[in-house]
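Each of the next two complexes has chain A plus one more chain, namely chain B in the first and chain C in the second.
Up next is the complex of A and B:
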């Protein structure tokens, strides 16, 4: 047994070395694309504005100022203290949108991390052990995939009080099947490789081998999960729009736009401006995500 | 042929299992949640004993499994039950419901009435999406790493970043309210499908563009493309008969996987435009706690999902004969 640990350690360190360089290479390739730089620039600017502006602004996101209601944005003759105008109750739209953006990113990020963890654990277990466990887990995945997210979300959130945690849970619940499918198929092909067999022969436990494989399999999937952050932000907005997302008075893109929709003819900017901000932030994330996906395709040549 | 039949039998059996699983999950979920549908049906002023009596009549106080089995027995006979809240005209009956069962709409009729409209919407959306996505994806894949490729990537990134409900509001505001070019709220003829379909197309197109770009670029690297060119086929012939055919399979498969997303998109867009399809019916039924209708919709969507995925696999196998079932 004395030979076990050195060999095991070598294969592990080899694996991590390979993984590290692969993840770094992927990052290097992605950041050489113009679209990645554009996306990153927009994202950094938005991030700074989102963090700094609410601290500097004298306006309040929730305080009602009826005298200032439905004020147009600055380029339509509004005032400088309300750059994007105000909503039907006189609240500053820029501030409300920015706080909506903060909430949106936090919820989407938490949902993606959760679905990534659930999906990859289930996928690895299914792919690694195979047999009836695989069949059951994959049928479960199919069943989950065949219920549209929105129907599931509406059903669950209308009957339980919608809280941010509830929204995160529903989004994660609907997103994990794609991750478990991808992880399973990679695990299946990876399981036949020599380092796994080697570790098995040397007596490593299944858990240990799966940890070893996870280091190799998961980083490329995690990179592409960036695209899902953007998707979840849209869903968060949709839920808010139907009235089952983050609840007023806390601003979210969805509930601000749902309010604005009622005043579309007289004050079109209330529904439009938050949408423009949401679109811009999604675009920046998607440009980065698409570059990462492209870099992965180039490096792995379709093997993942 | 025997293989094909075996494959069909296996997949249909799996499909039935999935439908059973989903319908039971939805059935159970709908009955453990708070909010009594009978209370909603009869209105807040009804005395408790009447509510209880009606609930018993409708069989809502029996054990869960018994209710489910009774329901499935009905489904086997093609009986989907009656809506809790809707009259045959489609109007919500709400508080002033007569206990006479004949007053309430058959769920089957409700769904049968909306399904054609939803298929029309989804079909037109697919046509729009193909018109937008196939040229872009094909050119992007053929000229990998040159400007068409970048164009495809930027267009896909922009489209995927547009929130569908926001786009719907904006299109309705600009083209219906301000310019008055195309009517779009409600349904009163085929024109009403155009704007909603456009919104859904914008949602589907990026998925197609991305996967088509990748798969066309990958197919172009295959030796058979070079050989076909050496055999003296024109580039055009090679692209149409070899490249497109082989690139179609991954796109088709992706379509099967993304179907759930598409259905979700249809639902939201119908809600925005008050388009009286299955999605609009779903939102209404959920908000009114109309159990039989939600239950049936979940089963119908799951069945559609299973069937389309089966169809996708059959078409893939037909397009690419190397795939076995």
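Up next is the complex of A and C:
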């Protein structure tokens, strides 16, 4: 694996003879890893296919074609116009999976971003200021943690209508306490460090110091958050499976799989194909996340 | 005392270290002898092979170390070829070892006494439990641990550093060894405590008739105790001489440089230039108190008051170098935090350029911070580890001004050049930088706001002599250029002697003496100042003898402060009045201001010490 040496001055501007910025060095190293490239390739292909195929395809994701129902994928002797076969109502599975992937990723990403932001802001405030604020925020966190996801989802999504926004809200609500706890505990130990005091001496405001600390505290948590995108996609599928997720006829991973469950013996691909796509997309995200994390560790170790 | 048959005879010892496929020599052809009851000091900088030598003398050359050639004879038997059984007979029984880090050498979960009894019964299995307890108690008393019977049942965390080091010495002495190896044992201790430990070792040598191999990385410390000094450099023994000869006429090139690099305190020289004009003081501190409350471990819901700073009062004038010295725990760092207003005093006022910091508005205080900076102690912790250093240095500009990006960058590059940082390091993270480089980043960050007053909290004490010298030069040059005022907070007396115009001595949260540099060092009026000066390890003849100036005992805990003078329990000249009344800082006849009742009553401390020692 290639490394960039500090004396590699080709890209540094001659006026100041500086090195490239730390973030750029990190990206350069991360993108030199094979696993990052594999992950990126899969991700880009998936993204392009997801966006382009529904536009090009003549098939419809929602129109029923009972005559073509439960058609196998082409590697099991199916037809080219339904590459991954069709479901029990004759709808094209590839198209349904791709649109499901779009919906699932959008929902999971939104939920993770929301829970990450809420959790880390609350955690940092609680850890940094301490005292009563800490007690109140952390008891709030405990209260939230004590409500199981499914109960919360059933309560919220059956009282209101199960819209994508509702699903995002439920997932984010159930996820943020973990983030706030972890962030708080790291903040607590970081804020006693000497560099925080150094910033105070310089006259930095609490907000500025928190920003400074955030640069150190949040990246490892963000790495976990990337893994959480996968978890949220699974939860979204679970909600879809029990019927309070995204509602038919809009396909999502959850309801495609829920439908396919009934035909597992005769047409196993209906439930499996979305799963394969789910697996591939998560794999690509994790490969990239892991490479970034490794590059970041090397940056802080001083080897790049 | 080099008797005919040495206890320990090291001949042509060479040891390698194997790391990966690499074989590197650590010790090369080291030979020396240690006679009965002799104290041999081994001096060398870190990485010179001192610790490996100590291990080899214990007969323990194990991976990644490899014995290449030579031998270590203990009373005629070669420890390096002895079977494991034989080594077992010698190690810990005939050759005792005092570790450098007493805090990690005891099991934190068992009382100290119990651990010592266990050790004793391991080396003398026939000793009964009660006899072992008695022997441990008498040894604890012989190393001057006060109320040994009570201390016996206490846990390591209840001991102070100096006390734990004494317990460690007892641990080595339990088996009544012929040879004791002391591995850098005073490094982590304060000067007065270290001086007491050194005195104790000499005493014990006479009582227990052991020879001592005293390993140290500082030459003055070794000279304080050893009869003879061996100098290690790069794994070779470059010179071995009696201590006084080594200091006066070093032969080897390395030793010459070593002796020369050690600063002299009592050399008469030109005092540091006093640029201070008799203008208004830049910083005025009046009666500042700070008390911390900690939970009482012994009682539930009770809190104890730690009086960290009690009624400190002084003034600092523009362009002067003010020194604040004292041992650890005396309140120096608390005071520095109060001065820079990241903590607020409970009582008292601090005026910066005539304005009370307390009554300033947020905006005024921010403006004050531009003119008043504090450099923190630890260069490794004080700068954020995850931010490129250019960005770190730029931070104050972002806090205080709204400037364009290129303006900021140019200012940063200017200040980096000024403090001697390479411009190419702009985008580097602090991770690979040396302590000196990091301290430069720290300095650059403070200087970019062009302050008037700079407080240096032990800023230079973690650096080696050469780097220290370079930074002092830089400070001097900046002072001339920008008219800076420095406050040096330090325990390093030679540094303070070299640069400060006025010196304040702190003890237990109070300033006990305040005066001009030469007066403090040559005619101190407070007995604590004398005790501290007598305890500094130096190569020169000291005007103060530590036997006269320093009694046993450690600073009392700031939790249970004695009434009256805080130094009275350790003071050789204390009279009854001292434990009844608390002395205030007042000018005394000797030309300094001292908080000492004896000195204030016109008594010369020198005479009083003389009388007191005669009386004893």
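One rule holds for everything that comes next: the second predicted complex is superposed on the first by the 216 of 304 C-alpha atoms of A that agree within 3 Å, B and C clash if a C-alpha of one lies under 4 Å from a C-alpha of the other, contacts with A are read in each partner's own complex, and residues count from 1 in each chain.
Heads up, the rule we're going with is that a residue touches a chain if its C-beta (ideal position, glycine included) is under 8 Å from a C-beta of that chain, and two chains touch if they have at least 3 such contacts.
Just so it is clear, the structure is predicted and the values come from calculations on it, not from any experiment.
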Identify the partner contact of A:299: answer first if only chain B is touched, second if only chain C is, both if each is, neither if none is. second
Touch count on chain A, higher of chain B and chain C: B
Which partner does A:198 reach: the first (chain B), the second (chain C), both, or neither? second
Would you check which partner chain A:69 touches, where first means chain B only, second means chain C only, and both and neither mean what they say? neither
Output check: A:212 vs chain B and chain C. Expected answer is one of first, second, both, neither. What do you get? second
Scan A:230 for contacts with chain B and chain C and give back first, second, both or neither. first
Would you check which partner chain A:22 touches, where first means chain B only, second means chain C only, and both and neither mean what they say? second
Now for A:37: first (chain B), second (chain C), both, or neither, which partner does it touch? neither
Do chain B and chain C touch any of the same residues on chain A, and if so, which? 302
Residue set of chain A touching chain C in the complex reads 6, 16-22, 25, 193-195, 197-205, 208, 212, 215-216, 299-302
Listed in rising order, chain B residues that touch chain A in their complex are 14, 17-18, 21-22, 25-26, 29-30, 33-35, 150, 153-154, 156-158, 160-166, 169-170, 173, 177, 210, 214, 218, 257, 260-261, 263-264, 267-268, 271, 282-283, 286-287, 294, 297-298, 301-302, 305-306
Chain B partner, complex, touching residues on chain A are 34-35, 139-140, 142-143, 145-151, 154-156, 158-160, 178, 181, 230, 234, 237-238, 241-242, 253, 257, 261, 264-265, 268, 271-272, 275, 278-279, 282-283, 285-287, 290, 293-294, 297, 302
Hey, which residues of chain C end up touching chain A in the complex? 337, 340, 342, 365-366, 369-370, 373-374, 376-378, 381-388, 390, 395-396, 398-400, 409, 413, 423-424, 426-429, 431-432, 442, 445-446, 449
